[in-house]
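Here the chain labels run A, B, C and D in written order, and each chain numbers its own residues starting at 1.
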Amino acid sequence: MNELLALALAFPLVLGALFIVLAASTRAALFGFFAFGLFLALAWVELEAIDVALTEAAIGGGATGLLLLRLNARMRRTVSLGQPAGPQLRIVAGLLAVLVTLVLGALLLALPDPAPSLAAATVEPLPTLGISNPITAVLIAYRALDTLLEIAVLLIAVVGIRVMGAERGWAGRPVPWPAAEPSPALVFLARLLVPAGLVFAVYLFWVGADAPGGKFQASTLVAALWLLAIMAGLAPAPRTGGGWTGIALAVGPLAFIAAGAIGLAATGSFLAWPEPVAKPMIVVVELALAASVVVALVMLVAGPPEPEAGR
Amino acid sequence: MSATILGLTGALLVGIGLFGLIVHPTALRKLLAFNLVGAGVFLIFGVVARRAAAAGLPGDPVPQAIVITGIVVAFAATALAATLLARLSEPGEQP
Amino acid sequence: MTRLLIAASFALPLALAAAALWPAMRGRLLALLPVAPLPALAAAILAPGGSLVLTPDPLRLTLALDTPGAMLLGASALLWCAAGAYAASYLATSPRRTAFAVWWLLTMAGSLGLCLVADMTSFYLFFTVASLAAYGLVAHEATPTAQRASLVYMALALLGEAFLLLAFVMMAIGVPGGGNPSIAQAVAGVATSPFRDTILALLVLGFGLKMGLVPLHVWMPLAHPVAPMPASAVLSGIVVKAGVIGLIRFLPFGAPLGGWGEALIILGLFTAFYAVAIGLTQPHPKVVLAYSTVSQMGVVAAIAGAGLVSDSNATPVLVAFYALHHMLVKGALFLGVGVIAAAGGPSARPVFVVMAALALALAGLPFTSGALAKYAVKDLFGNGIAALAATLSATGSTLLMLHFLRRLSRLSASDIEVRPPAGLLLPFLATAAASFLVACLLLPSTGTPYAAVFAPEALWKASWPMLLGAALALALRRSALRMPSIPEGDLIVLAARLVPAIRRLADAADRMDETLRSWPVAGALLLLLLLGLGAAMQLSAGFHPVGG
Amino acid sequence: MTVSLLPVWAVLAPVIGLCALLLLEGRLRPEWVAAPFIAIGLYLSISIAYEVISHEASLVYALGGWLPPLGLTLRADGVGAVLLALTALVMVGVSICAWAPADGAGGRGRSGFWALLLALWSALNLAFIAQDLFNFFVALEMLSFSAVALVALDGSRDALTAALRYLLFALAGSVLYLLGVGMIYGRYAVLDLAGLREIAQADPVTLAALALMTVGLMAKAALFPLHLWLPPAHASAPAPASAVLSALVVKAPFLIILRLWVDLLPLSAATAPPQILAGLGSVAILLFSILALRQQRLKLMIAYSTLAQIGYLFLMFPLMPGPAPWLDIGWTGGILQLVSHGIAKAAMFLAAGLIYEALGHDRVSELAGLARRQPMTLVAFAIAGLSLMGLPPSGGFIAKLLLLTAAVEAGAWWIAIVVLAGGILAAFYVFRALGSALAEGTPAVAPVALYRQGAVLALALCALALGFVPLRPFALLAIGRPLEAMEALP
């Protein structure tokens, strides 16, 4: 039964991938990518990784797809990196890719059984943290440094996107999009979805400590809703350059580091969560992180600022 | 068994994506291909996690958490590349 | 005090070179050139036998001044001093005089320091400084000829350094404790080193390149003549001696070396005669002098080889003494060419007489430094065929020098009223005088009594090869044999044929890079590398499937 | 080993600086916001180096008290401490050179530059002291993103294209690396280097994972033939950024490869894989030195020189034959090559930047008159060149000597010949630029502040000073090896 389901997911995934790579039209490939994202999220459900499925659906499929579609709409000409590969090179590359795939498949089959696992180790300290979702524990406690620096990666990307904008547009707003008046249907949809979505996002955030869900999933949802509102003309794109966006971006990492320092003072270990207040502290830090993530995601999709005069 | 099928799917996605990354001349298609490879790699992580199910958990949370981090990082990369592409496609602007 | 002098020998020129960063000093630098070598001169006179450890273990930068080192240090300091004074006058109006002075000072620091160092790293350091800074002297005129010459010089100098570096590394490996051994320690291990023959071959190649042993001499007839006159003097007089010092310091005299001594004699004497033959075909006096340097360095190499064969402890001093003689005489000759060129008719005549004496000194003319040098080294060669060949090299030198004098006589200024400026004349005369006086003063340190040199028998032994040379020169002139026209640097012509091939190679590298930088190729290579490296790793580890 | 928080702050202090820049944007000059964090970074790096040297032990910290394999540790061992110090030195030099508070130009470039510089610093520190394979990945992504943004800083079409190529190729490298990490986790459920060292076996999965990670990192280190992105990227970035990119950024992936091969699964030097790496390095040295010689622009020449110098680093793999590679002379030689190239290349790129500012171009054939107008910059360039050529006295010379010694001892004659040939070719391209700058000429020269020239010269002199380290394996570089797993809570 499960095998059938897995096969039912594997086929569209592989076919979708082939379509994305081989389709002649870029636009078609992009729509293929959307569909692919959907199946990918289902595959994660099949792997019983609901947290990942949520993230994949929101970011991997949703935000990435949105970003690329918008990009395709904005692009006025294709950007090539050199000449297309000749037929011989295509064949060679194809053969090499097939070889890599085969070897990879063989290696996956050679993985040890029973598989080594840290699952038990991640569960054991959960009570001291006051949360029961081990994935959240990995992200916020055991591998907290990774998570903290991952937010730093987002900030770097935001700064990177800003510096890529035109010099004169520094500290402006990103281009509105679509440039034309939003359709009434879109406006209606946005008015309907935004409040409902926000409620769901709050729920996701809250249960993240104990059930699938968490700050990333909630943040992405909020970010997606915000983008929808921008698209519908209900909200302006955030301004870059100082102001509250700067505060929102910085608050996540700073709160995390501050919590780390509190942990140091209370337990002698940097980034440790002192037992009695672990859960409230984690919630506060996650809230701060969520603020940073939401603003960063919106800015990443919205793109670099444009000169105000140009609008 | 279902994990193995999805693991092999991951390997196929990696292969297909790498092929696209190499042969497509346009940057946007390369970016799509990169996301395919990424999806394949994450899927393999997911399979590794699923195979390591223990202690009453349906999968090992560590690789799952790694995938969540990885997805966000890949998104940031895509956004960076998209911005570069958008700027490069602007006609004739030579600052 | 002596330690301070030893250190100042190279520190003062370096400090003066660094002073060029300060705009106020730049204008005065040229005038200060004669002052820079004075500490070295003082050190050579006052401090032989002194040694100074600059840094303790494990760096072990060490300076030491032994007799051969002091000889060469003192003589080079003298020539640097005289040529510096000459340069101050010769280049007073050159627009590039500051740059010239900086290169000059750096070359000086390197060549003086080379006489003093006792550890491997410092030797390589000063050797490099001397040979690379001399590039600036060769390239000074910035003409196409100078550019070509400096390029060839640079390429071969770097090649020489690479040979030496490899040789030094191999020598140091044998020394217990590793790190930076003293030269003496490293040399002691050569004879028993597993790399013995490679080391010796690399040493001969490296130092031979600097000395211009055939066929590594091709840069010298290009580089020495294109430099400004005083620079030619120090290049031919002093900088080539870096190779001689190298032989003195690095050849394991007194150890059995099966065949290497003989090989060096053959190489040296072949160079000596070959350079004479080519030199005779050259029209320009400076080029003839450069070939003469090649020939004389061949003789020096043969002396070193003879020392290896005869196992004589005196070899380093004898080689140094011969080199000292050549250094001052060749320096004076180059300076003199400039004096002659600046002198018209009558005023050129006395200069010409001095030049003739100096030129024939190279062939061993009695009562000159040449006779002393040749007499001092003659016992090393024993009585065999090598001795005869060494003696006959004087015949060759006579031939070449007579040719040089004929060519020189056509060089004097066309305006007979012109008199050579004192700034050129005095340094020239001082060097010429020093060549004789210094050689006389230092003769006892080679273990040769004065009386023996001036005995009639010795005079005859010195004279007959020269008379033979003179007779040959006369015969050559009478025979009206047309000399073939051979370009400067002779064998370099063969190398020049490689230039298009090298250019094609570089173009191919360009195209290859272009291909590699195309995305699909690089991407395919990425996968290929992945599979290849993976396969290699599996194979080298042996194939162990995951067990249990 | 000694437990210390210093490594943690070395990673986090620049991140706090990045946040401060975002918070204070538009209120304070970015230089002034960044300056205290640069000072703190310098202090932290020096303290770490001091602690490591004085205790002759690594500084280790387990974050949150969670021990591996569940938790993450940071470990500043001997090599890590040296590279932290190198990073700080280059960063300070670059900061002084890029410091221009009098200049009224604000906005994008300036603010972005300082933010990215700090981000880069954090990423480098993390890459040099992290102990966890996925932590390395995060460091590499921070590194790539900030480096790509720095390349694009100039905003010209060339720069943006170069940045895009760089980004896409670096991403290809990243996914391969990450795939390797996944295989390792599937095989051992451990990502900590010290933990892996105890249990890793040379089975197909492990070796394939190692190959995946190595090749992915090679793409990021721009080893031949995976170099397509580097020359345009390093030539298009603003000079201070190029200095950091060439001097430090490509070194991080290399160091991770080194850690994988020496700490995780020591591969016998006699086998084929180390020879393959050294072979690719050799081709890089020869090919890119020739290409450097043919470049018309100074910055491109220096970029190709970087490609060649990266080749030298990979020569060290077959030159560590001992059972404890970190005691071999090849190890010291390779690390010293890394450090001395870092300093020298930073000085050279900064000098090239000042030359560009002064002349308004960087065409190698039109530098005449520079010696007179900007002697200090040119001397800095020359000294840095000395180190690249491997001539004494310079760190490059000592490194070359150690590598040569190791090559001769190992009987690897081809490596010895390549090292020597690379030195000769380097001399040619350096002298070509110097010769052009020494020619007579009276170019129109824009003034360049003296303190900036001084900073470049000071960096170059550091490369020179490295020429006075002793010629033997350094005990410092062996501190913290072999890796030991952390056993108990502090």
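Methods note: a residue touches a chain if its C-beta (ideal position, glycine included) is under 8 Å from a C-beta of that chain, and two chains touch if they have at least 3 such contacts.
Please read all numbers here as calculations on a predicted model, not as lab measurements.
S.K.: Quick check on this structure: which chain has its C-alpha centroid closest to the centroid of all protein C-alpha atoms?
M.R.: D
S.K.: Compute the distance, rounded to whole Å, between the mean C-alpha positions of chain C and chain D.
M.R.: It comes to 40 Å between the two C-alpha centres.
S.K.: How many angstrom between the C-alpha centroids of chain D and chain A?
M.R.: About 30 Å separates the centre of chain A from that of chain D.
S.K.: Mind checking the centre-to-centre distance between chain B and chain D? Centres are C-alpha means, answer in whole Å.
M.R.: So the centroids are 28 Å from each other.
S.K.: Taking the mean of the CA coordinates per chain, how far is chain A from chain B in Å?
M.R.: 12
S.K.: Residue numbers in chain B touching 2 or more other chains?
M.R.: 14, 18, 21-23, 25, 27, 30-31, 44, 47-48, 51-52, 60, 62, 66, 69, 73, 76-77, 80, 84-85, 87-88, 93, 95
S.K.: Do you know which chain C residues sit against two or more other chains?
M.R.: 518-520, 523-524, 526-527, 530, 534, 545-546
S.K.: Which chain A residues sit where two or more other chains touch them?
M.R.: 79, 81-85, 89-90, 93, 97, 100, 103-104, 108, 110-112, 115-118, 122, 142-143, 146, 150, 153, 156-157, 160, 164-167
S.K.: Is the chain-to-chain touch network here best called a line, a ring, a star, complete, or other?
M.R.: Here the contact pattern is complete, since every chain touches every other one.
S.K.: What residues of chain C sit close enough to touch chain A in their complex?
M.R.: Of all residues in chain C, those touching chain A are 518-521, 523-524, 527-528, 530-531, 534, 545-546.
S.K.: Residues of chain B touching chain C in their complex?
M.R.: Result: residues 18, 21-23, 25 of chain B touch chain C.
S.K.: What does chain A use to touch chain B in their complex?
M.R.: For this pair, the touching residues of chain A are 2-3, 5-7, 9-10, 13-14, 17-18, 20-21, 26, 29-30, 33, 36, 40, 43-44, 46-49, 51-52, 55-56, 59-60, 63-64, 67-68, 71-72, 74-85, 89-90, 93-94, 97-98, 100-101, 104-105, 108-109, 111, 113, 115-120, 122-123, 134-135, 137-139, 142-143, 146-147, 150, 153-154, 156-157, 160-161, 164-167, 216, 293, 297, 300-301, 303-304.
S.K.: Quick check on the complex: what are the chain D residues that touch chain A?
M.R.: Of all residues in chain D, those touching chain A are 5, 8, 11-12, 15-16, 18-20, 22-27, 61-66, 69-72, 74, 106-109, 112-113, 115-116, 119, 122, 126, 134-135, 138-139, 141-142, 145-146, 148-149, 152-153, 155, 160-161, 163-165, 168, 179, 183, 186-190, 204-205, 208, 489-490.
S.K.: Hey, which residues of chain B end up touching chain D in the complex?
M.R.: It comes out as residues 14, 18, 21, 27, 30-31, 34, 37-38, 41, 44-45, 47-48, 51-52, 60, 62-63, 66, 69-70, 73, 76-77, 80-81, 84-85, 87-88, 93-95.
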